[in-house]
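Look at the two complexes coming up: chain A is in both, with chain B in one and chain C in the other.
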Partner chain A sequence: MRKVALITLLILTCWFASDWARAADLKIPHNAVAGESLTLATSGSGDATLILVGPGEVVKRSIRLGEDVQIKPEELRHAGRWIAIVRGGSGPQSQAFWVSPGKPDQLSFLARPSRVPVNRPGVISGVAFVFDKNRNLVPQPTPVEFSLSVGGSGAKQSVKSSNGIAWVKSSSARKAGAAQFVASAGDASVRRVVQQVASDPCNLRMKVEQKSKDHVVLVTDPIRDCTGNPVPDGTIVTFIETDKTGKSVVDARIKKGIARAEMPASENANVTIAAGVVLGNELHIGGGE
Partner chain B sequence: MKFALPVIFGLLTVALLAVGAVHPSSTAPASSPEGAVQAMLANVQGHDWKDAYSYISPSSNVDLQDFVKDLNGRDGSLRTYSSLESFTTRPLHENDNQATVRTETKYSTAVGAFYDTRDLNVVKDNGQWKIVWAGEKTPTVPPQVIPVNYLRWDVIWRGAGDDWGSQNVENPHVRILSMNPVSQASGLSIMGEVENEDTVPAFVSVAATLVGKNGQDLGTESSFDRTSHVLLPKEISPYRIDFPGIKLTEVQSARMKPDSMLVPASADPVIGVMHQRIEKDAKGRSVLQGDLLNESGQIVNIPHVLATFYDNSGKVIWVSDGYVDHALLPQTPQGFAVSLSDDLAAKVHSYRVTVNQYSRDWQD
Partner chain C sequence: MKLRRVLVLTAGIALALSGAIPLVNHILADSNPPLQIKFDSAQPREVEDSTQQAIARDYSAAWKALKTSLANNATAPLTENFTGFALDRLSQRVKDQQQNGITTRIIDHGHKVEAVFYSPDGSSLELKDTASIETQVLDGSTVLHSDKTQMHYYAVLTGAEDRWKVRVLESAE
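Right, the complex of A and B next:
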């Protein structure tokens, strides 16, 4: 009789333990994806509270044990480690699970610099970050296409992202202009502008345009850099005239591609020209040129 | 007898009141040439232009309006923002009917004291000493059209709603071309030149931190107004940074910090610096002088001259600056002078003058 009572007690204990364990049982799919719905299967019976704690997000829901729980896509926006907690009558139970990012949908594109001289090797860099529609970084390798073009001509390069990041380095073109630097992945595409500007003036030359009793007008040839791009208007070109009365200097601005300066007339003067640290030709005015 | 004291005190009071009421008239005839000049300048100091004008000889052929403009400035020049703080006079020579008096005036302005030396001719006119005022001759520019192709840079900055990856327009690239420390009795100065090597205008400032022998910072200063702050593409400006009271022997190194910022700017006006030469002024001091020529069609109100002096190896040995108290009228030369010490003048091999400008119309 005593033996029977012990066996009965053991059976009751096991039954209670198994019932208690079944009450907190949660089945979470292994392929949870951010921005997609998720179905959690529960077992047991009775009312309980489900709490999902994720990166920057918490969901609290009253559930009935033994029924499936639907998590809406907008409730599961962030990829990362989540914890599901069920608080029922028999005490809380928790389970961790991972939510992976969705499909590549957006790009963040850093293009540097915003302005660069032409014909310089490896000066332009582009870094693209691949995100899903909920701005979760997508670590899976994703092909990202970079294109850099000025006036219709340019180059394309396809790079696979690594840990969500793809990057390229590129040289500036020989032609000045606003280069369109585009990164695209799938349907996502981002455009940046890299201004490719003329380098230092090359072969700076001036001549006398007009001469009168009081003054002499000096004008440059069209000012270009060494690859033939016009140096931007507004660039300073310094004319220096030296004669016995002293030195006369005019910091002229390039306008419409040329610089012009009006200097005092002199019977015997040397005129030099410079733009920044670049020197041009020298003229002798008066007394034979 | 008992009324004696009140009567005496009453008479004394009346006498004192009479003495107090009588003061020399501000237009009282001057008894000497120097007195005439002093009386005129004292009236100028008190902005009493009519009384000051009463000391001007009719033979000067200058009216009150022009006289006031000569002394109080015109065309929004620096002189219009100044006032006569003090003056000294000294007769250079004198006879019964004519004299020359040297005046040294000190004007206080928003950018510091401004000194002017002028030799005034004084003549006896109907028994009174009067000043022959040589009015400023402002040449009139013939009516004409000066074509100006306006060139301006505007900047579109990054907006608040832009993606975080969207880059802002980059600040201009500036480069320090040279740096030279010069020790003087008053302290240490660091000077050199800075270039905007970009293709856009830059607002530039140059700062320096001196590091002492033990690695500690001795101080940080900036070039303030001894540089051109707005530099157009490829423009080169001198800079000078002063560290008063610091000796070169205390310094181990200097950290230079050129800062640049992209700013909207205009490429006009163009100011030529003509006939630059080092000469001696009336007081025998070495000065770099020349003429500024505003080649544009609008008035430049306050010109600021920056002079860079180089030795025979091309090293910057001094940077000096000075404001011109006259506005630059279009196509009209205006003289300037920047002083330099005789020691320095002996070492100077070449020099370069650049001009900053502050103009109401251009900046509006």
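Right, the complex of A and C next:
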């Protein structure tokens, strides 16, 4: 009889202990998504305090045990690991849960460089970071489309993001101008401008425009790169005259597509022309020229 | 008599351990976490040696700052090591913790990190981190939650004035 009473007492104690332990039990869905509402189910009875500790916020509120708790979308903005703590009459009960990022909604797009010579292979790079509407990185592979165009013509590339990042390397176009570099994923689209400028001059040629006793005026043909784009005004062209007295150098800027320089007259001199690393033709002046 | 000595000795050892373990944990929590980084998988360009050293140093410093900030509810350490979304987010967390009277103690047992992306212009780098983390949420000295788990993190670092700063730090399942 005594044994039966002891066993009954033991069972009752265990029952009470388990009930007490479940007093503030939490049930959290496994598919929580950042920026969406979430319902937490609680068991037990009485008043308690719910504390949610997230990657970028802490939410604290009073709840009634046994009732569902609604977490608003704006309270659950950050993806990652969260901890839910319930402080009731018994000791605190806690549970960790995961919140995954929402759908891709925003892109951070870096286009480099901002200014680039035309007709250069693999010189432009574009990097797109894929985020949801709450700026959580979306690591799931997402198709990102990159397009680079100047004056209506251009190229498109579709790339799947990896670990939240998609990137491309692209060649500059043959035509100078402001290239529109666009990255898009779903409804999100970000535009950057890459200024494509003429490359190095091609077929740099000069001639004598005017010659007098004291000086000679040299002028170039219109200066263009190898794909026919005019080299921008302001680019420096160097004229070098060499004779027996030494060397005269004039750095002239391209103005309205041509460069002009006035050199001292000489009876017998060679004149060369260069722009950057590109050499042009050579003239011999004086001595019967 | 011998039994009594053994009991006293055992009690002494237990007492010493009970004091030493939290002390060791505290020291470990304040020091830089053990960090192993592999840069072999970085795409689309290789990470230079000097950048590898800088990333290891600065990512480790960022974690140390994160632990200090969450444990003391101070935002100052964050601003030196985080920027952009990560800074906004963690600063808000610290402010919320302060407002609600809680702190978070992170005991960092180490990181196995892999660099997966290094931008063509060298301005940003992404790390995938598998970290062994012990997390305690405290209200004063009362522990509200404690667990130890292996976490995966995505971290995007960008070059700043004199160091790499963490721009994105996101845990994932």
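Observations on the structure shown:
Going forward, the second predicted complex is superposed on the first by the 278 of 289 C-alpha atoms of A that agree within 3 Å, B and C clash if a C-alpha of one lies under 4 Å from a C-alpha of the other, contacts with A are read in each partner's own complex, and residues count from 1 in each chain.
In this section, a contact is a pair of C-beta atoms (placed from the backbone, for glycine too) under 8 Å apart; a residue touches a chain by one contact, two chains touch by 3 or more.
No experiment lies behind these values; they were computed from the predicted model shown.
Legend: residue contacts after superposition of the two complexes on their common chain; A:L137 is shown touching chain C, with no touch to chain B.
Contacts of A:F129 after superposition on the shared chain: both chain B and chain C are touched.
Shared-chain residue A:L110: touches chain B and chain C both.
Touch criterion met: A:S248 reaches chain B, while chain C stays clear of it. Residue contacts after overlaying the shared chain place A:K60 against chain C, while chain B stays out of touching range. Once the two complexes are overlaid on the shared chain, A:A178 sits clear of chain B and of chain C alike. In the superposition on chain A, A:K256 makes contact with chain B only, not with chain C. When the two complexes are overlaid on their common chain A, residue A:A79 makes contact with chain C while staying clear of chain B.
Across the superposed pair, chain B and chain C both touch chain A at residues 110, 112-113, 129. Residues 149, 151, 153, 163-170, 177, 195, 197-201, 232-236, 267-268, 270-277, 290, 295, 351-354 of chain B are the ones touching chain A in the complex. Residue ranges of chain A in contact with chain C, taken from their complex: 51, 53-60, 78-81, 83, 85, 87, 92, 94, 96, 98, 100-101, 110, 112-113, 125, 127, 129, 135-137, 139, 162-165, 167, 169. By the touch criterion given at the top, residues 107-115, 129, 190, 192, 197-198, 200-201, 231-237, 245-253, 255-256, 261-264, 275-277 of chain A touch chain B in their complex.
Taken in their complex, chain C has these residues touching chain A: 44, 85, 88-90, 92-93, 96-97, 99-100, 102, 104, 116-117, 119-121, 123-124, 126, 128, 135, 137, 142, 144-145, 147, 149, 151, 154, 156, 168-173.
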